[in-house]
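For clarity, chains are labelled A, B, C and D in written order, and residue numbers in each chain start from 1.
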Amino acid sequence: MEKIPVGVLGATGMVGQQYIALLADHPWFEVTYVAASPRSAGKPYADAVAGRWQLAKPYSPAVGPLIVEDANDISRAAAAAGQGKCAFVFSALEMGKDEIKALEEAYAAAGIPVVSNASAHRWTRDVPMLIAEVNPSHTDIIPIQQTSRGWDKGFIAVKPNCSIQSYMTPLWALIQAGYEVKRMFVSTMQAVSGAGFPGVPSLSIIENVVPYIGGEEEKSEQEPLKILGSVTEGAIVSAEGPLITAHCNRVPVVDGHTACVSLEFGSKKPSIEEVKKIWSEFTALPQELKLPMAPERPIIVREEADRPQPRKDRDLDKAMAVCVGRIRPCNLFDLRFVGLSHNTVRGAAGGGILNAELLKSKGYL
Amino acid sequence: MEKIPVGVLGATGMVGQQYIALLADHPWFEVTYVAASPRSAGKPYADAVAGRWQLAKPYSPAVGPLIVEDANDISRAAAAAGQGKCAFVFSALEMGKDEIKALEEAYAAAGIPVVSNASAHRWTRDVPMLIAEVNPSHTDIIPIQQTSRGWDKGFIAVKPNCSIQSYMTPLWALIQAGYEVKRMFVSTMQAVSGAGFPGVPSLSIIENVVPYIGGEEEKSEQEPLKILGSVTEGAIVSAEGPLITAHCNRVPVVDGHTACVSLEFGSKKPSIEEVKKIWSEFTALPQELKLPMAPERPIIVREEADRPQPRKDRDLDKAMAVCVGRIRPCNLFDLRFVGLSHNTVRGAAGGGILNAELLKSKGYL
Amino acid sequence: MEKIPVGVLGATGMVGQQYIALLADHPWFEVTYVAASPRSAGKPYADAVAGRWQLAKPYSPAVGPLIVEDANDISRAAAAAGQGKCAFVFSALEMGKDEIKALEEAYAAAGIPVVSNASAHRWTRDVPMLIAEVNPSHTDIIPIQQTSRGWDKGFIAVKPNCSIQSYMTPLWALIQAGYEVKRMFVSTMQAVSGAGFPGVPSLSIIENVVPYIGGEEEKSEQEPLKILGSVTEGAIVSAEGPLITAHCNRVPVVDGHTACVSLEFGSKKPSIEEVKKIWSEFTALPQELKLPMAPERPIIVREEADRPQPRKDRDLDKAMAVCVGRIRPCNLFDLRFVGLSHNTVRGAAGGGILNAELLKSKGYL
Amino acid sequence: MEKIPVGVLGATGMVGQQYIALLADHPWFEVTYVAASPRSAGKPYADAVAGRWQLAKPYSPAVGPLIVEDANDISRAAAAAGQGKCAFVFSALEMGKDEIKALEEAYAAAGIPVVSNASAHRWTRDVPMLIAEVNPSHTDIIPIQQTSRGWDKGFIAVKPNCSIQSYMTPLWALIQAGYEVKRMFVSTMQAVSGAGFPGVPSLSIIENVVPYIGGEEEKSEQEPLKILGSVTEGAIVSAEGPLITAHCNRVPVVDGHTACVSLEFGSKKPSIEEVKKIWSEFTALPQELKLPMAPERPIIVREEADRPQPRKDRDLDKAMAVCVGRIRPCNLFDLRFVGLSHNTVRGAAGGGILNAELLKSKGYL
């Protein structure tokens, strides 16, 4: 099968680099178009990221010589699309929220689907916020989005914040198994890579904890409700619950967000053993479709007393699995556990690629 | 005033070293007796800790030449006591719980009061578990303890686990102000010094989080109840509440335990401003008595969005103050905040010294 | 081709775990025998390492059920060898130097070749200390070793200390190109994994540097001379030079030893460009033989001003390549550079496996 | 004695904050004037540093309400000077080298002496680069500087780079004792605070080493020569030697630069014992004058095998002492040792204050 030519917007940034790295040997997609800020525009990608490449894994030789385009210049992307060099774009744009919003809409209007990692459109009522294993049916909003906006091929689909991925899939697995979750208490210990580059100054975080991440607690409390919501005429209506309270902290870890969670169920409550069984056996559409980026097991249950740990468990199954452990009763609610996911793979580029695979397999790309 | 000669049991260990360092220029107490394991016994203290001294602050020149005694040999301590060289001992013993229990009782039986940092006697019904600002009245159990055990001068008083000190004083300040606390959710990020030396291997914690500390969650959930309890005939009876659930984590921080807390009050609920006022203005008996180790303000309220932070706030007011911040409403309960205290000072040796000062000022020493 | 059954001595330790992990999908070798201390003996490997497995990568399912044997009981290994279950052993023993020496000799005497990671036999005159790319010809001592000791199939081959691997191959590449190296100044920044587990206490190294590693400087100064030496009748005679001085430091890095090096050449001196060319183009016997564990390029030259860096470059080419950078003139000597290698892969288990592959390809195994 | 009113230029930056903190209870100097970039100008200092205060120690209450002036507006400083509110300024300016050069000259021309921490004037031939214990006589250039430039009260004096302070005083102590140092090899492990704030991104340095610091090696190789130079008609003439080669590295340490050093002496060589004696007994003019910021012992010799260590030794004697250890012979040169100093205290603000104290005691201020 011939690979689909894709573009990456914000290709020189932290998340953009992750996209470039992860797509290096992707079986379906091939990076043929890279765009970034005017500062980088016109340079070969290799020059644009010289001295700024953050990953241990190098970018693919094929991407090095690609000339970086100005992400603001949609005509360039449209031209590339016309020449069959950009079937859709991954958006890892780093600019003001309103600029990103307008720019992503402009790409969509130009007939270029946008699979975005940015937060700008997360609360746009007709834009799906996808976790492929949790709410794949939310893609049903796309035709509605296209019609109402008068877009033919173009559309926008986004992914949620990285910090909630450590518990959203486990949460969903329990709900799907028939256990309503009423209330959830979450306390996170998040990696510095979540703040991009240069991001968190070393003077702020070495041998320290910063018990605050701007906007993170609000996102952690609200985004799950849209993800658990339902598609109706013209909009995705958020779910009523669970009611969530979050304490978000930054710790001196490079990659991997860890979350301590307490759950309160409705009248029907699973036993600890049932929870372990539900999580160990959970699979969803991405696994059924055998999507290339999908982990074999979306949730990996560790029985050791002291796992999961970010440095030791973040890379499991292509860094796309959520690793859970310390599954035990809660004194206040019903269940306590620790969840972990790789914030720049599962929580960012990897999750975006999985969303694109889902959209492709559903015929939207 | 002539200084009171004191002994330190387990003087070569991590907490023992903290006692030696903090007592270096204490206005009331003077270290004249040091005891440790048979391995160290017979050596000058300087030799016993050579290459094992963990603190940036050096020990006082006066302690270096003291010959380390065998902590198991009570006769040596009794002799020293007889010669007016050991009015009471600080116990920082590191051995099996039952051995510590028996040994501390033997010292008390020999007429040597024991102000202990060990957990062995925390649940002994006639032994007070003191936080000087919270339950100073629990010293009332001491005469009962002495009578029932047939001890004249000797007795045992202990302090609670280091991890709860980041929120116990704030909790008490609210209760004392008339706000019942029904339920409490706590998630901690604890420093490696809490595990002693060698303690946590660097391979386990560098660029990592370990979401488990053996026994810590149980202590965090139960010890507050005894501290908030009341002295009755022959025993301290634990309080009914609050009901607590704890998630305890180890992070790559040297000193300072950070806690994310959510509180649920009874029918009477304080406003955020009232909480800040109560905490900022809180003082207790140690402040009233102007005890040397007492912080001027037991609770320091930070208004910055991202404080407290262990590296920046752990040393406030002789490292004896609890620093709180991020005081805000909770979506599930009523109040959210972050508390911080220095685990090896306020949470260990410093807290023990403050307890001794309290006991002295009450005439027990 | 059928895989060769191999044993791992000290299989539960840090380096032993690395061997188990790296051999998981080795094309030539298959772990069929595991031995460790009496404490672990009799347990399935999975149980023996439960809660002690240090690596992100899990061990292979095939090894989990293997019963751990007592490494001191050679008869068990001999029996396994007899049943074709242990053609040779990798030694990652962690015990006293003399015990290891005797034990490795006993295995060899029992007809079981020993490819060792231990330092015990590094200075045994008839035992080769191999870096496959540098002194593969030193295997010529093996027949001499066997004859003089009256061993038939058995023999002992060792590898050098991990810390010298960051510069030995680059050093050799220059010597081989005809540039005599007279003097070498080395200052290292070494990872904590080099000290095994539990190894370096976190209290000693978090936010700190320890400018001392016992015995490391001596090894760094002497081992290169044996490696650069020549095989004569009955012994390997060390080279006269280069004269080396080493400053060895421990830094808060998990894996990867970094070395700052200054070299003084003889009368014939290469230009910076020649040095880069020699290193970029260097290959040796392991590459020629296409040994499975051999890196494609033994030396990777980075041109960026701030590389190599342990976290970003240690894993290059199966973590078997040496990465060099900052190649520039020296004010005192002739050349300055920074070298990096992965201490637990290239510097330990990976290097041992490569040595075994070399020995196999030469017919010694 | 009434305190001398002083100003701090660049008062909101990293080094500026250090000045404010260290001068909080200085017996001679009192901060009465603070200036920074136009961005901060007009705000009370407390507001200007809100959320940006990097130090554990808070600034003094007296400084909080001071209105920050625009550092570019010399007229404001001159007015303050006229009102007796700014006898001289500490320069911690962070801007382009040429701007700093011009600005510091403008202050001096306006009659305001400048004691600078900036590198701009380090190589200005008539500006002394002072380490109070090493080259106090270089203040003799000041009258020459004033005459040639037509300045009456104003002048400029600077301090050298932070990284060389870990070995310059030990080096000088040996030279002064009659031991010529021919050649010096230095490899440093430097703290992140040396790069200011935000400075080094955490993504670059957590669990990593960066073997490069722009310009640092050149400074380390050249500045010692000017410091060891001599004052002649109209200029300070650099010394001929020692010849130095430096490898500068950044490590994940907050404060404290560590240096591994090898020294080659002239024909006259001291024994290890002599070196220890010379360093332990070394004192200089600042000690003789009992300057407030001067350490009692400029050089502290540690005998432990594994010291000095930044976290444990950087704060010795007000963080103004240089701590040395591992004093041993060198295989290539004559002497090896490890030196440590606190880069933001001894190496920056503290060193600047000590220089001001020296200048005051000599009557220049």
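For the reader, a short list of remarks on this structure follows.
Throughout what follows, a contact is a pair of C-beta atoms (placed from the backbone, for glycine too) under 8 Å apart; a residue touches a chain by one contact, two chains touch by 3 or more.
Predicted model only: the values in this text are computed from it and were never measured.
Put simply, the chain farthest from subunit D by mean CA position is A. A count of contacting C-beta pairs for B-D and for A-D identifies A-D as the more extensively joined pair. Distance between chain centres (mean CA atoms), subunit A to subunit D: 47 Å. Subunit C and subunit D have CA centres that are 44 Å apart.
Between the Cα centres of subunit B and subunit D there is a gap of 40 Å. The set of subunit B residues touching two or more other chains comprises 206-207, 252-254, 305-306, 311-312.
In the complex of the two chains, the subunit C residues touching subunit B come out as 14, 54, 192-193, 197-207, 252-254. Chain contact summary for the complex, subunit B toward subunit A: residues 183, 185, 187, 189, 206-212, 214, 221, 243-245, 247, 249, 251-254, 258, 260, 262, 305-312, 325-326, 330-333, 336, 338.
Across the interface of their complex, subunit B is touched by residues 50-51, 55-56, 206-207, 254, 304-306, 311-315 of subunit D.
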